[in-house]
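In the two complexes that follow, chain A is the common piece, with chain B as its partner first and chain C second.
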Partner chain A sequence: MARVEIRDLRVHFGDVIAVDGVNLDVEDGEFVVFLGPSGCGKTTTLRCVAGLESPTSGEILFDGKTVTQLDSMNRNVAMVFQFISLYPHLTVRQNIAFPLKARRLPKAVIEEKIQWVSRIFDLAEILDLRPGRLPPGARQKAALARSVVRDPNVLLLDEPLSAIDEQFREEMRWELRHLQKELGVTSIYVTHDQREAMSLADRIVLMNEGKIVQVGAPAELFNDPTNQFSGFFIGSPAMNFVRARRKGEKAALAEGAATIALPDNVMQLMGDQEVLLGIRPQHVATIDREAEFGCVRTTPSQVNSVGREHWFDFQLGDTTIKGMSQSRVAQGTGEIIARLDVEHLHVFDLKGERLRGEDRS
Partner chain B sequence: MSNTPQMPRELSDRVLCGIFIMPTLGVLLLMVAYPFISLLYYSSLSFSVLRPLVPARDMGLLNYELLLTDPDLWQRFIFTGKFVFLTVTVQFILGITVAYYLQRDFRARDFIFTLFMLPMMLCPIVVGFLWRYMFNSEWGIVNVIIAAFGGTKLDWLGVADNAIIAVVIADAWMWTPFVILLATAAFRGIPKNLHEAASIDGVSAAYRFFRITLPLSMPILLIALLLRLIDAFKQYDLFFALTGGGPGAETMTVSFEVGKIAFKYFYTGQASALAVILLIIIVGLSMVFVRYLNNVGKEQ
Partner chain C sequence: MILKRNSPFLIPAIVLGIYMIYSLGPIFWLVLSSLKSRQDLFTLPPKLFFTPDLSGYEAVFGIGAAKDSAAAIGLVQSLYNSIIVSIAGTALATILGTLAGYACSRFRFVGRDDFMFFALSTRMIPPTAVLVFYHVMFAKMGLSDTVSGLIIVTTFINLGLATWIMKGFFDGVPTAVESIAKVNGYSRFYAFRKFVLPMVRGGIAATAGFCFIFAWNEFAFSSILSTTKAKTLPVRLSSAMGSTGIEWTQICAAGVVLIVPVAIFFYLIRRHILMGMTFGVLGKAGH
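Right, the complex of A and B next:
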């Protein structure tokens, strides 16, 4: 187990900048998830830590010692890949033994270790099967077993659950989280699935275009996005964004498509410039009577009920706002009052950076 | 009654299939089945194509008996086996080694690869005569080079022990590219993931090659081996051009013998019998491989 430091990492592939100055410390035993859209540099960063990719500049340190020049053979990292990485001609048992045999460990030790991981991962029944016969979930379990069997410095996981059925994925996620804590192995996990990231991570590292956008605990990213991208990327359905500008005592939304009363602190943040207001659909509701702040009279353009959640869309100029109501919203029957919960309103400048009050750090 | 509308359609599908397959099947029957059956038939006759009017005599299995009790023929088999073993071994060691080093990405790799493929494109008889000149004991380039390094010139084609080496060199020169080609294809077919997994598992390059690359390439390499074995077994042109089966009959292979019986002595019946024996050996060999390949396929 080790502490991992990434210092000013840059990776260029020809003219393409894949990773653009990433700095990060991963604590011993921590479960960090790199999250971002495809092409954001998360996998490249992971591969640099693995030693499969050499950085253009920057350094990787394990426990304070630089490993940038070492190849993956000598870093003692373990990795689980997105697609099959089990050796298809070997049984699960031989696969797990492979890294141990390569290290010339005595037979008894190898056998003991196999017993140990097969107990943890519940592999006893498939030990003597070849990977080709296993369902994807069992395959990844075996791959996981092979990777942790030799006490790696860091466990690297590159979208390991993406090839698995939705149903089984949930279960694997839970199990993975549990095992990681039990084994206490420093883990870096790459995914583009924000729900996966939210449920697994101690800390999420949100990346976009080769840079880190925001680092924090899942709740922190959800409740306190530092810019428009994290607001947009985290949470489902995505956060609503609407342009706003002061107009007298109120704020005009979407080029004046509606005006809305906002509390002083939000008005202060806005100043005289045009800003982006961000609010999650969960914080847009319908109410019966107008409240002091955040109310818009509108007609829903679309209504969709899922169980007890009643989702509705309405238009503000060109902008579609999505909301969620606890009570049924009738479609096409005229006006409703939509209320934006101003407690959960985020203000961004037009470049997407979050504007904060001066009292906040 | 409810099924009746479907019946004609299913039938017509099958008929359609039959119609589509028919031309190919016809060609196959004409080109493979007919010659094969006539081969079997001729092998039981005392018959020569030179004298089609002389009535053929039915010999039963006598042709086979005569052949298999001829100690000279066993010498041909032993020599052929020796040649096949040597040339295929050389081709595989060289071919796999070259393919291994061609895996790495370097400049001019594709150019070098193309260069390696060239010998295979040549006509075998041309290759035979090329090497015959190169192995010429007086002015051939091989001896010139040996002499330049202070060695003694060898009589390459006049001494049986040298001649087999000469033919192995020529055959390997021509057919190692085939092994390179298939080994390269096999190596490239291994998912990159597995190599990365192996390097993360911390294994050495040699360990990785012998425990991952080679076993996973086995199906393709076995097909290459089978093809090379069969081809080497049938090698005719090189012996024809290089040694003519000599000195004496010491570099005479079985297929060379078939050619001699068929087109020098024109004992068509006996030549057919020998061809059948060759065929049985080759089919037997293929069946071993096919069975093995099927097992590999099932396991993975």
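Right, the complex of A and C next:
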């Protein structure tokens, strides 16, 4: 297990800039998840750490020692790939023994290690089968077993669960998280699924267009997005955004489709410019009597109840705002009062950068 | 299927029939003639039934009665040259083409696409346009009229094509095959040898088949670069036709000997031929 440092990493493929100046420290034993939309450079960054891609510039360090020039075979990294990780013509046992044989370990030691990891991953029954006959879940389990069987410096996982059925994936995630902590192996996990990232990560590294947007614990990213992209990408359903501008004591929303009273700190942030207000659906509710701040009289355009969650939409001009109420919202009953929880209101400039007060940073 | 009289396929079937006679007729005639004696050969109308005379084949292979005749020695020598040049040229082109194809499939290097285009264009150039240059160069290097000279030429003629076909097959092998080996502590070369090469076995066989056919049939370069000793069978045959006192039976037998390996190899690689025509996507469609 090692501490992994990525220093000013850049990767260009011809004119395409896949990774554009990434800096990151991954602590020993930490579980870091790279999250971002397709093509943002997650896989490329991971492959640089593995030594499978050579950076255009920048450095990779393991435990403070540079490995940038080191070939992948000498880095002692383990990697689980998106689709195929196992050799189809070798049995699960031979696949797991593969990295051990590379180190010329004695037969007895290899056998012992295979027994150990097969107990952890519950592989006893499939050890002598070829991967082709196994369901994707069992295949990835075996791939995970192979990757941890030899104390790698770092475990790299590139969307390892994406080929697995939704229902089984949940279980695998839980197991993976548990194992990672138990074995204490430094891990970097790539996904574009924010729910997966939220449930696995010690820290999420949110990326977009080759750059890191925000790094932090899942709750930090959820509660404190640094820009509009971060607010939008994390959380489901996605954060609502609506344009706002000061109008006397209050604020006009969506070019004057509604006015709303906001507390002083928000009004100060807004100043005299037009801004974007961001609020998660979980923080938009219905109430019976108008409160001091954040209330809008409106009629719901859509309602949809999922279990105990009662979702509703309403229109502010062209903008649709989604909210979640504790009680059922009946459609077509006319006016409701929607309340935006101003504690959780984020203010962004029109470029999408978060505006913050002096006191809370 | 039996075609009905008014089937819409009747006319195409007739056209195809004529085409088959057109293409197979000469081969049929060739095989018959190679088995005829001198007298039978020139009777009119041509005989369909006759006592087979193997003297032509004896001459080509240098056995039996024709063993010591001067003409026979020339034919045997040229058959031997053809075999050596084709096999060695095919082996070299296939080995080098496999390595180059792998490099072109896996590595990004400056001018890779230009190189690929250049490699293929070497096959498109009319040989007669560059013959003089080769002639002079080979003469200067003392490679004129030598088997090794012909092997070099044959290798280069086929190398571009071999590279292209093999690149197609390697493109069909996921790069993960090497990535997996590398992150598990093995070198790229190990992965290439142990995993990638076995996966493109069929491709290598197809490439070798293509190369062999082209090498075996090669005429333009051999005809100018071999004057006496190193003559290959096609060259020897064509020069025999110009001289007087033509041994038709021998020529026909040699013609059959020329056709047989091509037919065999073509049959063996037939699965890959159509795919081979769409260079580059070969490997993906293959397995």
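Going forward, the second predicted complex is superposed on the first by the 361 of 361 C-alpha atoms of A that agree within 3 Å, B and C clash if a C-alpha of one lies under 4 Å from a C-alpha of the other, contacts with A are read in each partner's own complex, and residues count from 1 in each chain.
Quick note on the criterion: a residue touches a chain if its C-beta (ideal position, glycine included) is under 8 Å from a C-beta of that chain, and two chains touch if they have at least 3 such contacts.
Small disclaimer: the values here were computed from a predicted structure and weren't measured.
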Three-chain arrangement built on chain A, chain B and chain C clash or fit: clash
Chain B versus chain C as contact partner of A:132, first or second or both or neither: first
Touching partner for A:357 - first (chain B), second (chain C), both, neither: neither
Which of chain B and chain C A:271 touches, first, second, both or neither: neither
Which superposed partner A:52 touches (first chain B, second chain C, both, neither): both
Overlapping segment of chain C (options 39-47, 75-83 or 129-137) - the one that collides with chain B in the superposed model: 75-83
Chain A positions touched by chain B in one structure and by chain C in the second: 50-52, 71-74, 76-79, 81, 83-87, 98-99, 102-103, 146
Footprint of chain B on chain A - complex, ascending: 50-52, 71-74, 76-79, 81, 83-89, 98-99, 102-103, 130, 132, 146, 150
Of chain B, residues touching chain A in the complex: 191, 193-194, 196-204, 207, 211-212, 215-216, 299-300
Residue ranges of chain C touching chain A (in the complex, touch as defined): 174, 176-177, 179-187, 195
Footprint of chain C on chain A - complex, ascending: 50-52, 71-79, 81, 83-87, 98-99, 102-103, 146, 156
